[in-house]
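Below you'll find a set of structures to go through.
First subunit A sits with subunit B, and in the next complex the same chain sits with subunit C.
On to the complex of A and B.
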């Protein structure tokens, strides 16, 4: 059985002539917490809608659990294995918490009462309160309860912490980070909250203008990416930097290089230049993100 | 459970339709004269039912608010679509609930009218009245499915207005182009009250039109992007 839970190859979706997703390649491994990063409008929500079959891809393919997402028709069995928390966190406003649980439960034969009780307690959800009267944090908690209690193998979360206060965000992140170990759940979540992704994700993909610009294990990326600060005694000469220099920025006598790989060779190249000192610095996810998508 | 959801979404609409019917029946009952014309009772009743079912047709999976305001793309529609249920089933259950409500409201209105108005009992046999009731039930599937179709395409209240106009246009066309299956004849020349039998051609046409509209609505729900 494939270890890849979510896979897209050359996925493309165009809205009114403008590509929202433009040849997207993704691979999400089983049991991982996958942070799907991008600026507003980068194509994160469109990708999620494509994965869930709300939209049809113009070209390319999307697979969940190795099965092609066949678009709006079908996909019932796939959806039984998926929990979804939408960006808007909207549920049926006219139902109470108890009613929506009673409504959702029969669709999923593997419903777990213990998880239901646990999340009712954690998110302090009053069973008889109407959903329209819940705070956004409570609605998020309720959506998470509905998504997790049916033993979802894959949890797709679209901006799950958007609009939540720090206390609820912390509870949510703590619960999410425990899920792969306790339930074997794979988590695919989109966000532009880099600190949260840095806190819980083990794999990330950064997309920009509908394309993957960075992808991989977070620790690998942090190890692989380094920032080189090359300080020249006099003005820097024009240099054609070796492969691996992703972004080069000059500030006075200092040249700042974000290196994605080939770091040693770049250091050697810098040191071979006359009158320079070279410093190496680790790079945060935020820096990687901003270097790739921040300036456009 | 989908039945529960659809009932919760349509119960206030159903209450509103019942409210109009009770109001009309109460006023007519209060003002009834000996020898009142049956058509003065049945025609307004038929009109109220026809417009009433337009409001009962919650459309497919798009409109999910009991107040009739569209929830739209980014709202609870996404939660519904993420459930392990086919879109065909979502639409079919929705339509079934609306049609059951339509049937209930029609039968109750007919029973109430039969019991409240002696003039109706005096001029009509129970068998003919039952035929009128059956004809009305089949007729109502047409405007219902028209509203159901347009609910999948447009937001309320425009969907109801357009559905009413389009169905009216269809009636007009049938009246002028194909008089044999003119649906309005089921309540005029071909009415069971006059012919003492069911208007089969009109009923068959009503059912066919409703089926075509329903299939079109389901097809749209199945293929559209949300």
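On to the complex of A and C.
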């Protein structure tokens, strides 16, 4: 058994001549919470639809649990192992909470009554209320219930906290962090809420124009990236020093650098110059994101 | 057990923040030798953080001799922290007298803090360069 639950290699999908996903490489390990980030239109939802088999890839490959995702539906067995919470949270509006649960469970032999009860309770879902009359938080809770009660081994969520109030967001995140340890679930979720991803993810990928621009274990990325603030008391920095640095901003005698791979060399070099002071600051995921895909 | 507070957007990896807070709790005596830490699942849920991150913090703390992981039982504050306590008490008197001297020279609190940080940061990069 492979330890890689989601894998794409050179995945590509073109809509009307414009590539939405353009050679995407991803690897999601079992038991991880993987944050999938990118600006609007970066290709996140298209990637998720490709993974779920709702769309067919132009080229490249996508594998779930080591099996190729092919055809519009994919294998039934494969589908049973996946739970999906969509961005639109669209469910049959005329059904009640109880009706949609009764409608869904016969498709899945391994239905978990305990999880069903748990989610009804924590998301405060009234069994007899129509879906059209549920709040957005309740609809999210209901989708999570339907996605997870059938023993999904992989849970895919597209912008799950979008539009939720902070209290429901907290409840949802608390449930998500519990799943890998209690059920062995792997979680793949896209989000714009960088603080939230920073909080619960252990691995992330930032995509831009359909390609991965940053990926890795979150702790490693944070160990790797640092913000250096270097003050040159005797005028501007020597040009030779700046050549090795990326993401540089200069204001008078102060130079701010978001450094990733050559941090220590930069610090040592700067310190060897007279009248130079160096401060190092940790970098949040938001800064890494903005530096790579922000407008500048 | 709610005295751990993490800040996800500070940029400091969460496992380091958690380690720091466990150490702080030990230094202040909030946690003593033999005290049990919350289970990985309980702490992950309470702090709404990834359980792999809690595992990493506990493992690193074990590596540093602050925590003992007993299989199937959980994580406990190690008895060897007594030694660290002694060291910290000694270190504190050194720091106290250094800070007093710096103040008598006219350095402000902010300047003293920066001096310490710069010094530590220099040691840190020297060590990393040696490793390469």
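Here is the rule we use: the second predicted complex is superposed on the first by the 277 of 296 C-alpha atoms of A that agree within 3 Å, B and C clash if a C-alpha of one lies under 4 Å from a C-alpha of the other, contacts with A are read in each partner's own complex, and residues count from 1 in each chain.
We adopt the following convention: a contact is a pair of C-beta atoms (placed from the backbone, for glycine too) under 8 Å apart; a residue touches a chain by one contact, two chains touch by 3 or more.
This is a predicted model, so every value here is computed, not measured.
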| item | value |
| --- | --- |
| Partner chain in contact with A:198 - subunit B first, subunit C second, else both or neither | second |
| Partner chain in contact with A:182 - subunit B first, subunit C second, else both or neither | second |
| Touched partner set for A:93, first subunit B, second subunit C, both or neither | first |
| Contacts of A:76 with subunit B and subunit C, given as first, second, both or neither | first |
| Which of subunit B and subunit C A:241 touches, first, second, both or neither | neither |
| Partner chain(s) touched by A:286 [first = subunit B, second = subunit C, both, neither] | second |
| Residue contacts with subunit A in the superposition, subunit B compared against subunit C | C |
| Subunit B versus subunit C as contact partner of A:104, first or second or both or neither | first |
| Touched partner set for A:32, first subunit B, second subunit C, both or neither | second |
| Overlapping contact positions on subunit A, where the subunit C interface meets the subunit B interface | none |
| Subunit A-facing residues of subunit B, complex | 1, 4-5, 8-9, 64-66, 71, 74-76, 78-79, 81-87, 222-226 |
| Complex interface listing, subunit A residues touching subunit B | 49, 52-56, 72-74, 76-77, 79-80, 82, 84, 86-88, 90-95, 99, 102-104, 106-108, 143 |
| Subunit C to subunit A touching residues, read off their complex | 6, 8-15, 40-41, 44-45, 48-53, 56, 114, 117-118, 121-122, 125-126, 128-129, 132 |
| Complex contacts: residues of subunit A adjacent to subunit C | 31-33, 170, 173-174, 177-178, 180-182, 194-196, 198-202, 218-219, 222-223, 227, 263-265, 267-268, 271, 277-287 |
